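In the two complexes below, subunit A is the common chain; its partner is subunit B in one and subunit C in the other.
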Partner chain A sequence: MSNSTIEEHQNFLSEHFGITTTPGQFTVALAGNPNVGKSTVFNALTGLHQHTGNWPGKTVDNAQGSFTYLDRSFLMIDLPGTYSILAHTVEEQVARDFICFGKPDATLVVLDATCLERNLNLALQVMEITPKIIVCVNLIDEAEKKNIKIDISALQKDLGVPVVATAARNGKGLGTLRQKLYEMSTGLCTPAPRQINYSSEVENAIQQLLPKVSRLIGSNLNPRWVALRLLDGDQAFINSISQYLDFDLHPTRLQEVAV
Partner chain B sequence: MSAAIKPMITLEEICTEAEKIRLSNPNLGDTIVSDIYQNAEMIAGPAVSKNSTDSRSWDYKLDDVLTSRLFGYPIMFALLSVIFWITIAGANVPSQMIADTLFAFQDQLLIWFELAGAPTWLTGIVVLGMFRGLAWVIAVMLPPMAIFFPLFTLLEDLGYLPRVAFNLDNMFKKCRACGKQILTMCMGFGCNAAGVVSCRIIDSPRERLIAVLTNNFVPCNGRFPTLIAIATIFMGGMVVSELQTAVASLVVTSLVVLGIFVTFAVSWALSHTLLKGEASSMVLELPPYRKPQLGAIFYRSLIDRTIFVLKRAIIMAAPAGAITWMLANIYIGEISIIGYLAAWLQPFAYAIGLDGFILLAFILGLPANEIVMPILLMCYLSAGQMMEFGTLEELRDILINNNWTWLTAVCTMLFCLLHWPCTTALLSAYKETGSKKWTFLTFLIPTVIAFIVCFIVAQSARLLNLV
Partner chain C sequence: MNTALTTIPLSTLGIGSVCQIVSLNLQGLLRRRILDLGMVPGTPVQCIRKSPAGDPVAYMVRDTLIALRSEDASQIHVNPM
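Let's turn to the complex of A and B:
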């Protein structure tokens, strides 16, 4: 990114998300279901360097914390705990808008090892938006107690993104987590996230819409994912996309899109 | 950005096209979500291995039964019936004891007032109006509440309620409403005003409005005792004594089920008329079954609910008792004021299976549903001859002496279940919706439905000569 676009992005973050970054600082979004130890991970990584506020215009808590790793500074944004980011609630909308439009340098999704399958839904949804995702399988100690074994390397291979097992309460796995965050943010790691296989009915619908969506949004967002949201009739998303990308729904004020 | 400018394309255009595709594929949204889940399942399957001695496996099995298509609804119905059965069976004896004690004390009070040389009107207002009203509220309402609320809280604490929400979610979806509505209805069982406020958890404004407008169809604390009392003393009283409790609890359970059915019907009607739209989906977590904390249950159900409701009933019942006594004992010519009002309401009330006094009690009970029954009894008692109190059977005699039939009992219960919300609930609806129009509809819809249902029941019963 050139200096001017970095500045633009900084202004955008502070205006829409109330987030102030220092030059050269990476942003990391922290997502996860409620009660998976997301806050424990957040506290363990950032320590006392935190401050909390509200998302602009929303009554949803916004906690930010920073840490340094290998001389690079990271600003971690603790998103509200949600089961999905299909934007049925304000919390989900906040989480999704930040991952989608805030363009964090990495998104850390914390999963509960004791109910991985349910938690994976959120990870898959995030992977549709951004490839820069690191999956943190937390509460691995709890899972062991319950005789649940998770094949982390198989999971990593299947998902196509880094997967780290942690027990954040005991500090286990946090070193690896920092390292992966560093690699992801600096571009040392090139993830190839697995895309969701949709049934033919959905896939057909996506293909019908895809050419136009690609033309509209260019390379800003994953066009498949945008098409899916539009097909879902997600009004909150339509409002967000028109707001963030400065499109206008009003027909008399059409915007031309340079491709 | 390059300078090549393609023909314009707008978000609106694409949205219109998406809308078209969606309309030809009504289940698209659901399919997308279920595809995501399937993918998660496919990925998690090979990566996760579980030992079969998993301690959680029993609750999965239990969930399979409690939320199964086959057993889900019957189990729900059975549990509800059992709770009402325990409530009704258990409440009889303490009700009787409280009634005996309080009415014995009333006689004592009367003697004291006489000794003190108090004028008749003062004795009337204080003893026969206020004290008797209070005594009835406590005797009829306290024992059922003290049994029902801990049991209901127990179900809540065990984690059964989210399973109920799961069972009913599909029905709500068919009515194009939000599955979370059931949680607001559960709050409504406690208090409709609280239920209305809890509708905030529903994110879609359309679905939230539906939940607000229909919350009144689950009977609240204030109405449960009325329903239980009438069911016990009247419906139960019609069969042999061994079956009384069973019949009474079945009647109350059916009424609750009817209320839920009406909720569905009205939700469906609203989402096809005034509040058109599609249902949104939600993720509902079935929390693990927990060992209930008995101390917390008793505290929450007895202090938070029972005492709260009783306090409200007493605060409302004492002045209402005094006013009702005055209305009943101030005569204009030959007839008391209450007689005039009741007579004026009579033709209308008769058409819907009630009588003038019952309708008047419901109208006077607008501030709080808790006082409908006490007002009604006071109307009957002060207008008619003095009755000796003591047993619940005598309460039944009072009603029969005032020409109650099974039809009157049924219509009164139906009206109680379906009629307008109390002022507190209406006030909450106004605060939540911020609109006079929707608040008025919150009042109007139940009222109209109550009148229509009671009218149909009463008229058909009379046409078929069932009464």
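Let's turn to the complex of A and C:
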């Protein structure tokens, strides 16, 4: 990114999300279901370098913390714990909007190793928005106690993104986590997340929408994902687009495209 | 779908009974929500307890206790096990 676009993005983050970054600092979003030890991971990585507040205009906690790895500074944003980011609640909307419009350099999705099946739903949803995702399988010690064995390398291969096993409480796996975050943020790692294929009806509709959606939103967002939300008839998301992207186009134009 | 003949609504499940989800007769955001909570067809569900008024009812789904309104649970069709 050139200096002017970096500055623009800094202003954007501060205006919409109340996040102040220093030049050259990477932003990392932290997402996960409730009660997966997300805050333990957050605390373990950032230590005492934290401050908390609210998301602008929302009564939802916004915790930020920083850490340094290999001389690069990272600002980590702890998103609210959610089962989904398809925006039913304010918390989900906050999480979705930040991953989508805040364009973090990496998104860390924390999963509960003892309940992987349900947790993977969120990981797959995030993978549809951004390829820059790292999956952290936390509470691996709890899983071992319950005799649950997780084949991390197979999971990594299946998902197409880095997967790290951690027991954040005991500090296990955090070194690898920092390294993966560094590789993802600096572009050393090129993930190829598995994309979900829908029924041929839906896929055809996506193909019809794609050219128009791409023309409207350019490279700001993943056009396939926007097309899916339009097919969903997700009004809250259409509102977010006009709020964050400063469209000179009225949001109804987007809907017209969808019809 | 003609599942009503062989299945029962989740809301009629007695305390302690276990069943398997067959289909969700829900639309829009609520359907999405239920699916996000891991209640997809094939998922085993156990009825744990009822609130004093009998509504909502707590169900164990994938090791997590979830409370559902009877109104919504009646739209979820299950096979008793």
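Following the convention adopted for this analysis, the second predicted complex is superposed on the first by the 247 of 259 C-alpha atoms of A that agree within 3 Å, B and C clash if a C-alpha of one lies under 4 Å from a C-alpha of the other, contacts with A are read in each partner's own complex, and residues count from 1 in each chain.
As a convention for this text, contacts are C-beta pairs under 8 Å (C-beta built on N, C-alpha and C of every residue); 3 or more make two chains touch, one makes a residue touch a chain.
Small disclaimer: the values here were computed from a predicted structure and weren't measured.
In this superposed model built on subunit A, subunit B and subunit C take up the same space, so to speak, and clash.
Contact with subunit B, but none with subunit C, is seen for A:D158 once the two complexes are overlaid on the shared chain. In the superposition on chain A, contact of A:E117 is made with both subunit B and subunit C. In the superposition on chain A, A:L86 contacts both subunit B and subunit C. Between subunit B and subunit C, more residues of subunit A are touched by B. Once the two complexes are overlaid on the shared chain, A:I241 sits against subunit B while remaining clear of subunit C.
Residue contacts after overlaying the shared chain place A:S214 against neither subunit B nor subunit C.
Annotation: subunit B segment clashing with subunit C after superposition, chosen from 167-175, 203-211, 221-229 or 455-463, is 167-175.
Contacts of subunit A with subunit B, set against its contacts with subunit C after fitting on chain A, overlap at residues 83-84, 86, 88, 117-118, 121.
If you check the complex, the residues on subunit A that touch subunit B are 83-84, 86, 88-90, 116-118, 120-121, 124-125, 146-152, 154-155, 158-159, 194, 196-199, 201-202, 205, 208-209, 212-213, 215-216, 227-228, 230-233, 238, 241-242, 247, 249, 251, 254-259. The touching residues of subunit A, counted against subunit C in their complex, run 83-84, 86, 88, 114-115, 117-118, 121. On the side of subunit B, the complex with subunit A involves touching residues 1-6, 8-15, 17-19, 21-22, 25, 28-29, 31-33, 35-37, 39-41, 43-51, 53-56, 203-204, 278, 280-283, 285. Subunit C contributes residues 29, 32-33, 36-38, 62-64 to its touches with subunit A in the complex.
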